[in-house]
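A, B, C and D label the chains in the order they appear, each numbered from 1.
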Amino acid sequence: MAREITYRDALREALHEEMDRDERVFLLGEDIGAYQGSYVVTRGFLEEYGRKRVRDTPISELGIVGLANGAAMGGLHPVVELMTINFSLLAIDQIVNHAAKLHYMFNGKFTVPVVIRTASGWGQLGATHSQTFEGWYAHVPGLRVVMPATPRDAKGFLKSAIRGQDPVIFIEHSLIYRNRGEVPEGEYTLPLEGAEVRREGKDVTLVSWSRGYYLALGAAEDLAKQGIEAEVIDMRVLRPLDIDTVVQSVQKTNRLVIVEESWRTLGMGAEIAAAVQEHAFDYLDAPIARVGSLEVPMPYAKNLERLVIPGKDEVLTAVQGVLARELVTVH
Amino acid sequence: MAREITYRDALREALHEEMDRDERVFLLGEDIGAYQGSYVVTRGFLEEYGRKRVRDTPISELGIVGLANGAAMGGLHPVVELMTINFSLLAIDQIVNHAAKLHYMFNGKFTVPVVIRTASGWGQLGATHSQTFEGWYAHVPGLRVVMPATPRDAKGFLKSAIRGQDPVIFIEHSLIYRNRGEVPEGEYTLPLEGAEVRREGKDVTLVSWSRGYYLALGAAEDLAKQGIEAEVIDMRVLRPLDIDTVVQSVQKTNRLVIVEESWRTLGMGAEIAAAVQEHAFDYLDAPIARVGSLEVPMPYAKNLERLVIPGKDEVLTAVQGVLARELVTVH
Amino acid sequence: MTSPDGMRTKELSMEKGQLLDLYRKMVEIRRFEENAAEQYAHGKIGGFLHLYIGEEAVAVGAISAMEPRDHLVTHYRDHGYPIALGIDPRPLMAELFGKATGISGGRGGSMHMSDPERNFWGGYAIVGGHLPIATGIALSNQYLNREAVVVCFFGDGSTNTGAFHEAMNLSAVWKLPVLWICENNLYGMGTAVEYVSAVRDMVKKAGAYDIPAIQIDGQNPLEVREATEKALEHCRSGQGPFFIEAMTYRFRGHSMADPEAYRTKEEVETHRASEDPIVRFSRMLTEDGVATQAELDRINADVEQEMEEVVRFAEDSPVPGPETLMDHIYAEPVPVR
Amino acid sequence: MTSPDGMRTKELSMEKGQLLDLYRKMVEIRRFEENAAEQYAHGKIGGFLHLYIGEEAVAVGAISAMEPRDHLVTHYRDHGYPIALGIDPRPLMAELFGKATGISGGRGGSMHMSDPERNFWGGYAIVGGHLPIATGIALSNQYLNREAVVVCFFGDGSTNTGAFHEAMNLSAVWKLPVLWICENNLYGMGTAVEYVSAVRDMVKKAGAYDIPAIQIDGQNPLEVREATEKALEHCRSGQGPFFIEAMTYRFRGHSMADPEAYRTKEEVETHRASEDPIVRFSRMLTEDGVATQAELDRINADVEQEMEEVVRFAEDSPVPGPETLMDHIYAEPVPVR
């Protein structure tokens, strides 16, 4: 039996269940308590669990992630909320030089089971508040990076992340908190690995994650009306990256379009393209296309912002491009 | 007429010449003065220029880059030294959310001509002191990112960076400071753009930058003895990225190996591979190969460290791989 | 509020015209913000919108003490400062509308106003991020012997950032001419000072850097002005930074999205009732006989009209041309890829 | 040095055995470091090597006051603390040699010793980075009612980092049981305190967080011990953090690569001559009649021998197996790509 709930509620359920299950799980972050959370994910939690377990913090991103690292080493299971992924840059030393390293550097003698929840997103927020850095975190051995698109994944991943022993960067998206989707009745967790083929197709593979997944899906539905069957893959987890699933799809469709919201250069799409051409070289009938944001600091004005973030049209154009391509061999 | 000097001396000459040319150029950073610079690049500068222009700073990476941004806005030309690129993570908010954004966000009304010198490198320095993040900076519109391999580029780039109006991330490498190379007699600057073919060849293209360039060159010399002519490209500038030069080479050689010291996943090589397959798809006879570090926090022990950083053998193996590859088309 | 309310206008050697100008600026800010809130509700303004209502006396009092050569750097709650500085409010409103005539061409939005010609270096959206930048501008002034002071505004919440600490220390070590003005409005977003700051009085933090500091009533523009004058003198004389903590209160939510779950309506009402800087100042002016209520009402009506025109200007302006999208990413040309 | 040298051993209720143990620990650290320097010169040790010579009394005095349930977190100059804690020096030296028997399996090196079984959570190489971590361990102790105190060592230089500020504030806001011990050795790498810190006395920085603080003579292990005992009591009683500034001096370069251009030989010699903690303490012990010089000499000889064995152990140990390279990147299995 399944229920339909929002992405936000899926996160709330995960936090509730894990906090109820294990006293050592606690939340910390800016404005998660009295303010009720800047994206309202933790509404009511302070009132329910009290100040010990729901900790409003100072504006000290570096300090609170470092503190969470230490608390995790000391036996707790902290879930930090960094209001947006843009502010995670202030904490990145504690994420990359500490959380990601300590288990290895100290020869496995202790673990750092910290979960860092943060939100990607945009919406006339200006240059410093509209970025997304999943590709940066996915670069770093020692981190697990998830970026769920659906309520089911959001809940199952968050519960696993909290129960796990490794540092997890858990990236939400401000524009999909209200998206609804099915989640299983009762308890479940999902392993932090594996892409999923969410729509089967034979003509072209569309790969994305988080909000981009919905964009890809929308494009696939349009394409279907034109008789083009797109296979849509939701990457779900960005480190470890499940390239096999993409390769298998490309072996069938022979064409790949990657859709993402970050700047194209060195976005996640770069890695996916590089890895797929390596593993499915002989199957590709066209260059892998990447659809991403224009390479510009995000402007505030709505009409300009619309030009920066890719929409369905850009995806459709890219698909037309890879489909139109004839395979030639030049020497 | 050319002279042969070290990479370090090339940097020193650039700093000297620019400081002598323009009173508004000044240096700041941790231990650049009394200590003489942790890689001795600024030796003697405090004594020569005094405390006003050679400023030993507190251990405040975020603060000093922010201060340099402000000083640049106010009409100075600060050259910040961040001891190593690992510590730049502490300053990354000022680099990415400020230096890279302000000119655009404020509609071009002022500029932020800041130069951030920092060093990549390794050598039993452990997990937190052996990383390299050029790919992260190359992801960000608004930044220029250079990573010179030769004394000539080091000097010419640094002078241009100081004279320019944009923020520049200038990445040196601790293991090539003593490398010698020719520099022109007298004044010169070099535009912050363009890759260079440093060795011509027809069988395979090797692409790298910074210390990796020497690795590629060494491999090319070995290959030559086996009758394999490798073309070697030094990327030099990582943003803007000169893909054309690589594409032209691949159109001739049909095979590409990228050599870098960072972790493979989402390293610069990912972008180069993704872009080249896009622009030279029909010319590739084998998947583009990427040689990079093993994906592990760097261990201290010398015998383990050697396994992590790619050496000539790894490059040769990769070249053999792309050469052995038969082009097949599967449907 | 720590200082007695009783500061009288006559204690200050100010002309009537100057006093009425302070009054007018506060009213301008208030009406500008109210109009912005209305336009936000109409969907004309997007993203974040942080209003300065209730805190007007801090910007107006402090900025009135600045000289043209001085510099201004602020956080994201930044509509009040340029108005206090006498910058035309029309491009400010147009910026909120995302129009080409906006002060940042519509690219910055609410959080990123600036006017370098007036030495206003902008509003910044990363909490704490502008403090090192202000320090650097101050260094450029010192370095180039400009004898200008940078006045930098920030909130209580930002004093908990590492950037605050590093900037304070740098400014003190190098004796930079920067005046730090902390607006302590008791909350950072929805979090009350006592839950997140080890000390309630921000002046105490200045002590860690031997920066002289004073806590003042930020609801009285004259007290703010006087303290700022003295502080600017200190900074200008080469003695290094100075720190003012202005006690104030935000009458509206943190941003338009704020349901204000963290404080009671009564708390807000109490502050509004006793500490509205405009109400207090108009009482001061009329009780001291500086102006009649009728004179003040005329100013109010005048500003009301001005703001109608401001909104109309924003409304009627064109959006930025799409062809400008990629301008100004770099100051110097970059080869196309 | 701010406190008079005259603290006598008899003022403290310590057994002779305990006093000699303090002495021995200091000598162990000194000899360990001297041997490390020698082995570095022989190329047996690579990378960075930061010696604790001259500062032994801080670690030994402070750690002698700790209880087994207490926790320890330090910066990268971290060979002295584990020795003071009584951890076997052989795996420490083996770590420097990059051997499998090293305390971190040869993966950490000089800057990353740790022994969580003894609540020693390690040395950290990012200046300031371990302060938030110490704060978090303290939170875990408070949360789980462990009644343990985290003792965290760091240098004067690290007090200028944003991480310091954020950690201090967090520790004070949540009244966490953490004892901050700042080793003020007058330099951060090659930069003297006065050039980079707005205040010379680090205790002043604790005032910004209302954290009680004391400045002590870090060259006298008994003074350090006494101050630490009181501070631990404070922390353990739920009153929150405490801050000790131990005035000390580094007799050797910052690391083995340091040519010491920033200070004169005379300056170093003056400190060495009057402030060697081992010399001072041995004088105290003999003058007070606690021990004879012969007894101390015996300890010295003993330690000398012990350290030969320590080096031999490191030398004879195997390097880590290449097959272990990819172990422990994650605590839980990750699917291979």
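We take it that a residue touches a chain if its C-beta (ideal position, glycine included) is under 8 Å from a C-beta of that chain, and two chains touch if they have at least 3 such contacts.
Because the structure is predicted, anything quoted here is derived from the model rather than measured.
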Exercise for review: Check B-D against B-C and say which one is joined by more contacting C-beta pairs.
Suggested key: B-C
Practice item. Report back the single chain whose CA centre is most distant from the CA centre of chain B. Key: C
Check your understanding: chain A to chain C: how many Å between their CA centres?
Key -> 37
Point to revise | Euclidean distance of C-alpha centroids - chain A vs chain D, Å | key: 41
Practice item. Would you pick out the residues of chain C that each touch at least 2 other chains? Key: 104, 107-108, 112, 126, 160-163, 165-166, 169, 173, 195-197, 329
Point to revise | Set of chain B residues in contact with two or more other chains | key: 57-58, 60, 62-63, 86, 90, 93, 97-98, 104-105, 126-128, 141-142, 241, 295-297, 299
Exercise for review: Name, in rising order, each residue of chain D that touches chain C in their complex.
Suggested key: 160-166, 168-169, 172-173, 195-199, 204-205, 207-211
Point to revise | Partner chain B, residues of chain C touching it in the complex | key: 73, 104-105, 107-108, 112, 114-116, 121-122, 124, 126, 129, 131-141, 143-144, 162-163, 165-167, 169-170, 173-174, 327-332, 334-335, 337
Point to revise | Residues on chain B engaged by chain A in the complex (per definition of touch) | key: 62, 86, 89-90, 92-93, 96-98, 100-101, 104-105, 126-128, 131, 135-136, 138-142, 239, 241, 251, 254, 262-263, 265-271, 273-275, 277-279, 281-284, 286-290, 295-297, 299, 327-331
Review point. Tell me, which parts of chain B touch chain C in their complex?
Key: 24, 26, 52, 55, 57-58, 60, 62-76, 78, 93-94, 97-98, 102-111, 113, 141-142, 144, 164-166, 193-194, 240-244
**Study point:** Partner chain D, residues of chain B touching it in the complex
**Key:** 30-31, 33-36, 38, 56-60, 62-63, 86-87, 90, 123-129, 294-297, 299-304, 307-308
